[in-house]
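Just dropping this structure here.
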Amino acid sequence: MRSFDIPLEVVDTNSRRMAEAVMHELATRLRALVEREEPHSIDLRSLPLDPAAKDWLREQLGQGEVEANLDSIGSSKVYETGFSGIWWVSHSDPEERVVAEFIEVCWIPDILQSQREDVKHSLHTLENSINVAERGDEL
Amino acid sequence: MTTSFEQGINTLKKVIDAPIASYFSSCTSCGLCAQGCVFYTEIGDARYTPIHRLEPMRRIWEQEYTVLGRLKKLVGLSKAVTQQELQDHVELVFESCTTCGRCSMMCPVGNDIVYMIRKMREGMTAAGLAPKELKVAATKTLEKGSVMGFPMDTLEAMVRAAEKETGIKINIDEPNVDYLLLLSSAEVMQFNEIIGALAQIFEQAGVTWTLSSTAHEAGNPGMHMGASDIEAEMINRIVAAAEELNIKRVISPECGHAYMAIRWEGPNVIGRPYPFKVYHIIEVLDRLRAEGRLKTTGCEDERLTFHDPCQAARRGGVNEPQRNLLNMVTCNFVEMKDTQACNWCCGGGGGVSSIESTEPLRKKIFHRKRRQIEELDVTTVVTMCATCRNTLEEGIEDNGMEVEVLGLTEVVANHLLKEKEA
Amino acid sequence: MNEIELLNWARGPGLTYATIFMVFGLTLRVIEILAMGRDKELAEVRASGVANGWRMILKRSIPEPRNWKYITAAYIWHIGLLIVVFFFIPHTQLFRDVFGWWFGGVPSFIIDFFTVLSIAALLYTLVQRFTDPARRILSRMSDYLAWLVTFLPFVTGYMAFHRLGTDYTLMLALHILSVELLMVALPISKLSHAVTFFMARYYTGSSFGRRGIQA
Amino acid sequence: MTSEKPVLADELQRRGISRRSFLKFCSSIASAMAMSPAMASEMAEKLAYTRRQSVIWLSFQECTGCTESITRAHKPSLESLIFDFVSLDYHHTLQAASGDAAEHAREMAMHDNGGEYLLIVDGSIPLKDGGVYSTIAGITNLEMLKQVAADAAAIVSVGTCAAYGGLPRADPNPTGAVAVSDIISDKPIINIPGCPPMPVVMTGVLAHVLTFGIPELDSLGRPKAFFGDSIHDRCYRRPFYDRGQFAKSFDDEGARKGWCLYELGCKGPTTHNACATLKWNNGTSFPIQSGHGCIGCSEPDFWDAGGFYKALSTGADNPGQWAGNAMLAGVAGGAAAAYLNRGKKKQASDAVEPVTIDDMRGK
């Protein structure tokens, strides 16, 4: 018998209850976002959810209109769930293993936003390349 | 010897044996023995907790016979038993304990507490602390041959009277007969109709028997007191008489402590087995019944109950014979709620009834017996111990109850099938 | 010394010392008692005392209903103690390790039930020790200490199992230490009745048996 | 000196690591440390404006497993980014320089960053016989530790050997090995025990030290973020424990079904580490998941806890082996006590005179 033949799933009723609690929390947080502009993020690793409970949660939330893939030292996948304002964010490392997973309640997840420093750097690069092109034209 | 505190302590050291060591080792101070004790339950004084009565003995055991106790004594953690302490325990060991042994039935770890009380009395007596009434009774028995101090002439006169009444010859010092009958002083003085009754029963059953002029007293104050030497001397007289008359069976009369002394303690205090067997009179009658030699007629139709004497029933193991006989001669016999091994003491045993100062205590504890009798709504209580009978009669009178007390032998005799009728 | 070192000590040398002390002490006590001897029975016996001696060992374990007020709590925690000590699965591991064989365990929720019950019963017996006059007059300091060393393993065990109080490692160490305290107390206190009661009952039972008393 | 160094943000940009990647790194670190997700951007902000931290890494009585653990990833992992954030000025296994040049690099770093450098230690320090059992460049470990620690800002003890003495300290401890904390008491010490420690823990702690300072530690000097829970508390097999379903051997039905390994000696209940949640080999698995109980490697004295395959509830030693002798001694003691008791009893019995009628009559 190989070690990966050992089943990993344990039916744990506590885990399912935890997933149900997450649904309630999301409702509260979504209200806070609408009424008070308060974003929130739930770290899924900090919750004792077994794979079955996580799947259940994923199923409940569904998939919405937006889906984005990042390529930044490993991939990241971000999609809006069936509930607008609730996002599922999962980060993988270069070996495609999930290293962090969040459910974010926000208008748009930070990680999708262009970062000011990156933009500044881009601007610099862009201007440089224009200058180089122009100089090239002059030549 | 000259009794002294030292003699007492040495005696206590002497009597501690493996059972006692195991008992003290096992006691968890749970206090359940108190629930068995009639003195504790009726009077409610915590000092009457049976195992508490043995505290000096426990300390001697611990200090002398356990490694830990020796150490504790060495470093002064454990105080030696004092004379005053023993003195204070006279009340608990003699005056408020009838050695009925009911506590021994309650103990969850199985301690035979009253076995220890008996041994403790041994030490107390060696320390010169035995109650004076018991000492007087012992003196009378040793000197006159009977607990109450009446001479043989008195008994002989009663025997002759019984002969006249029944027309049956009663032997004294007759050798080679089936049985040597012992009597207790209480029977001779108060319930002497027993002699005639037995003569009739034995006559009918075809049993030969005799009394002894040198050993007629079954009672043994030596046992109550815990003076084994004195107890042995009285036993030896009986053994000598039985041997001299070449009798193989000795009958202990309707007296609980006598049965305990002669049947169970006797061989052990004299240090050798008997050349004869000992029976309680009720055992003899029951055997005759079983053999069909005891023929009775009719039955007592009064509603009656039976009081099991502690030393014969709970401590002596005579439980069935009395019931067989009762079923033979009574038709309205009801058992007490607590009976046989768990019967409540009448309050007079263990020498307590002979100690004058205990009268108020006895009056208090009799209420247990009163309730036991009253809840049965009987008119008669039958028993098979002269001391119980006395105590019951006294208590019943004190409480103005309308209940009659009878000895079982007498009840059987009353229903004996007469020759003519046969 | 930190928690894990304390636990290692408790599981290692501590347990060994406690076991040695307990076995040595109890053996000594048993020999000490047996060697006191008892006189040979010279009266003609009705029956051999042996059978009734053994019968008494079992028979006195049966509760006497008339005393229910005084014995119920004690029975509960004694039974609880037996179940918890000998049938809690981690405990069965210990016994299996020591003896090479042991019974199966029972599910933890049953152990939990008996632990709570036993703790409550023990508390009640303490109340009784203060309130019942007979028990109070008999109680010496050693009786209260014996109660305490019996009580502690239940409480520490419960707390360790439920991750209550302090860190589990420390709680487990305290639990094992409290049991070791109990083991040390066994031969030097009235707790030795756990072993000597066999003798007490046997002696009484055999002497009763000889006289034909069945009780 | 340090102020002349560029801030991390510029370094990263120079290496082509986007700010977004950096944010992602911080998110995963914050998550691993069970910090609130909101802290991730704060950490990113702070980290971006720190300068590369000078680190001196001393290896004493060790097996290099700790270094292996942290550097073993085949591809550059997210966690290995941390090495871009620090300046590893001395590490005698990893550095290119050797001999005097290496020692010189250490002295330079100490000189240039006095009071600010971070000291990382792996391995225990032998004290016996003047510490001769382990020396570097002729300097005993004890000596070197004291020297380097004197001007360090903080010390990180990596691995169980440095944190608690580990294998070298196991009974009978022939070299007199001790932990860093047994020698240094005037500097903050963070213990990252484990044999070896988890790479992500190392990364997380360094990131925390660089941004928020020294993390909250437990009584054994371990960051609570990683060592706050026991393996057992976070074990996915925990429900089997609660239900009393235990594997009895490594090849029985229970083992195949993935039941609890308690009876097979798992030390999960008393072991504090993050294996059950963060897992090893980039999150692949951890010992219990692959069918072996936890051996408790992140706890002090784990080698001396009675064997990896003895259940936690059993004696570490075998208490039963002494029972026979204890009983014999008890018999001997009992016999001696009995002899004394019998003598005493006989003496008392001999002193007792019979009670006679004269005693009854009184004087």
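First chain written, first letter: the chains are A, B, C and D, and each begins at residue 1.
Operating definition for what follows: a residue touches a chain if its C-beta (ideal position, glycine included) is under 8 Å from a C-beta of that chain, and two chains touch if they have at least 3 such contacts.
Bear in mind the structure is a predicted one, so any value in this text is a computation, not a measurement.
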- request: By the contact definition above, name the pair with the higher C-beta contact count: A-D or C-D.
  value: C-D
Message: On a CA-centroid basis, which chain has its centre farthest from subunit C's?
response: A
Chain occupying the middle, per Cα centroid: C
- line: Cα centroid separation, subunit A vs subunit D, in Å, comes to 34
- request: Go ahead and note the Å separation of the Cα centroids belonging to subunit C and subunit D.
  value: 39
Message: Taking the mean of the C-alpha atoms as each chain's centre, how many Å separate subunit B from subunit D?
response: 76
- request: Just give me the whole-number Å value for how far the CA centre of subunit A lies from that of subunit C.
  value: 59
Query: For subunit A, which residues are shared contacts with two or more other chains?
result: none
Residues within subunit B bordering two or more other chains: 16, 65-67
Task: List, in ascending order, every residue of subunit D touching at least 2 other chains.
output: 333, 337, 341, 345
- request: Would you mind giving me the full set of chain pairs in touch?
  value: A-D, B-C, B-D, C-D
- prompt: Where on subunit D is subunit C touching in the complex?
  reply: 219-220, 230, 232-233, 242-244, 246, 262-263, 269-270, 299-302, 304-306, 310-320, 322-323, 325-327, 329-331, 333-335, 337-338, 341-342, 345
Interfacial residue positions of subunit D with respect to subunit B in the complex: 333, 337, 341, 344-345, 348-349, 351-357, 359-362
Query: Taking the complex as given, what residues does subunit B use to touch subunit C?
result: 16-23, 25-35, 40, 44, 46-47, 49, 51-52, 65-68, 104-112, 115, 263-268, 271-274, 277-278, 314-319, 338, 341-342
Task: Please give the residue numbers of subunit D that touch subunit A in the complex, ascending.
output: 9, 13, 17-21, 23-25, 27-28, 30-32, 34, 36-38, 41, 48, 75-78, 81, 234, 236-240, 251, 255-258, 277, 282-285, 289-291
- prompt: Any idea which subunit B residues touch subunit D in the complex?
  reply: 1-3, 6-7, 9-11, 13-14, 16, 64-67, 125-126, 128, 132, 135-136, 138-139, 142-143, 227-230
